[in-house]
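Structure first, commentary second.
When the chains are written out, they are named A, B, C and D in that same order, and each has its own residue count from 1.
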């Protein structure tokens, strides 16, 4: 029930370090992973979305207040340089998510500052980078994000991410993956935080051409469409006092020592 | 399935400011709210628990590394001085919860740094301190925390806490409250974070004698028993590499640029 | 992500007994409650939906195999005559829901055979028909069904439905209501069953003009849009055998005594 | 918080057909699978439980009203003869679960009448009986049922059960399994229905010695302990009318045409 007359404004955030430092990554993703992700969204959402990119090395990582205010959905891929993301930008992105901006966290973004801050946990997992095959099984066949892909999705080469994945219980588990080694992982999951929606999707890696896989590309585009807010405006949940019988006009909080209305 | 031969070590943390600054609070809670809460736990768990208190004005707020390491369950009541709790202690408590320490967050503790950090949201709500009656309805009648109390619990005088309560979707909603003014609130809820269990329970206030209410006292004791870990030892979830076929001997993470096993 | 080029085919099922037997109901709903509900959906979904009605006293209650096969969403209102709904039709509707037909269950439909069969519980509640005011609070502000209505929705006169509502834990709790008497109720909830989605919404009654309330009408239309399937085709989950390495071509089950593939 | 002075009364229900009809099954389970399951519970719960068995071919399948009234926890294993279980007994067991009797459903019991009735879905899955290895991974490390077993549990030979498992969203997912073929399955899950708790656990099969596996035995015993009710008495949720201001004395329902209190 989004307005059909306004395009979804999507920003694909990329760390863009592996592509610069490692030739084998640059070979797989000559335009950077961010542009592979961007093209996946454009391919599937077409005229419904307007997609741009932002990079770690851009001023303020490309995520100024002004830009976030005009962003409906942000996707996040980081890995080698989580620590270089400034706390100020993380706070800013966090606030925008709580206000209603959609967020899609991809693969190694599980260990980003923004995902950890939204989850409240370590977001650690078990891991191995070999040539495991990943199978992505749908366990919530009614979910919009699961539409248009086979059951299972087969990814010939992929890094292994396994349980225990230290996250809060997801609102929805859409996909569960297995790997050649026998490990399993909750690989497609959703969370609501504040007025915002979050989709985490683990398939995708710098060492393997996973962002060129047609089903992975479809899921990412589905996720972008799903996390977009249906709400009319961005708003941060705020603590307000409401008098009895007045449900709509909250007043400002006066501080803990002025708690009682009858005392003021 | 806890060992029955070891007593639960419970620390009741109290801010203890209203009791010092406001005579009407001191009158209701002459020994401080923390001691009212302590006695509720002792009353119901008896020999099963060993309960002590810790206060904001204690060195390190009474929550040193050594003490937390010997604490099975921590309860948290704060209100006027959330901002005075040091970030270092918050980090420490957070880590212990993820390692498996149980946490019971009470009433205005919803806005504490530790609860916000665990939730990842603002934890704001709508609010009014008048003489509302609160009714606490059980919606999960099978839950251990709901045992031994009437349906509903009637609290004659209480502060109003109402929705939108900006929290992640709880793992379990045990109680939902209504207030004289017609507001509703998810007043008894659980969360797992890391290897730890959390129970938030909103009834309880400095301005009203809620911690002397027999059913509220029972629920708090039930909550303490429930958040206690069944695990044999405290452990922080940690990111480790596991070779194919070896499920039990994880190796240390070598950094993002040494991702591939075959490259090392 | 439904096709925008096909209209949603909605059937509003009505018991239509109170309207015939009780003048005070006929006065509130001169065209029957089913037509009030139908007009609510048409008002909000407009060209997106094609809405018809079916009644208990129609042959096969208006729910033949052919009609259900061409129905995307069914809404259900029953009360006085749950027992008159034939088990055969209940089985048929149940199968269509599992295959992917959306279902919106309204108010006293909580005690219908079809809702009980889908839930597996008694679906009982506490109840009182007086002139309670109902307040409907949103607890999932990101949900599409919650869009376009105030927080709270105020319903001046309404029957009271209160907890314990004996249902499985809902997938999502969107609305929680309070009543003048202080009772609370999980009044807007969702469930997935098989490949189908279900929305239960309690506001609405034969004795009060609730189906003329503008916010209630909006929620019902939102619910109809949300339960509509995103899947390309109707399919019943079926038990099949899959050989190792073949993920897509399941074979028929041969019976329990022919369990082992290697024995055949 | 069960009484420690009363032993848990457990009934292990067994179909006992494969053991009679198939020599290779009788060889693995010379005393029947039901006795293997019984001994697992006795081994781990010891004096805490009093365990007996009931069989399909007993009068009323061994599940008379009197016996169920004195049963705290029922475990269910069936496969070849689901259809021979009488509907009357299924109704009876269903009612007792809603009243508070704990239920542990094992392996092929997923397709039993009682599980389908409680779930409201087909409970189908994908399947293959070869010599797959099953790995059972813990995804809810705080859950009492997950205590005392390795992560993962390794089962050398097992039937494959795979997703789509057509069940409602579980209240808790404790275990997720993978199989040699790459399939995944939500293999340890809980549900509340009415006042009762349910644990479904898939590892276990007539063709393989899974019920002799030490970790599987531990999980079953953990499950039995967990589903046992904490409530003081068995009670079926019942629809009652409550007058305003009286929260505790519900009156009988008078029928749909006597809805309004003011009319009587």
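Points to keep in mind about this one:
Assume a residue touches a chain if its C-beta (ideal position, glycine included) is under 8 Å from a C-beta of that chain, and two chains touch if they have at least 3 such contacts.
Everything numeric here is computed off the predicted structure, so don't read it as measured data.
Most remote chain with respect to subunit A, judged by CA-atom centres, is D. Comparing chain pairs B-D and C-D by the number of C-beta pairs in contact, the larger count belongs to C-D. The centroid of the Cα atoms in subunit B and the matching centroid in subunit D are 32 Å apart.
Taking each chain's centre as the average of its CA atoms, subunit C and subunit D sit 29 Å apart. Residues of subunit D found to touch two or more other chains are 135, 140-141, 151-152, 162, 164, 169, 171, 180, 182-183, 192, 247. Per the touch definition, subunit B reaches subunit A in the complex via residues 18, 21-22, 79-81, 94, 98, 108, 111, 117-122, 124-130, 132, 159-160, 162, 164, 166, 168-169, 171, 180-183, 191-194, 206-207, 236-245, 247, 250, 253, 255-257, 259-262.
The touching residues of subunit C, counted against subunit A in their complex, run 1, 4, 100, 135, 140-144, 147, 150-152, 154, 171-172, 192, 195-197, 222, 225, 229-232, 247-248. Those residues of subunit D whose C-beta lies close enough to touch subunit A in the complex are 133, 135, 137-141, 151-152, 162-165, 169, 173, 176-178, 180, 182-184, 186.
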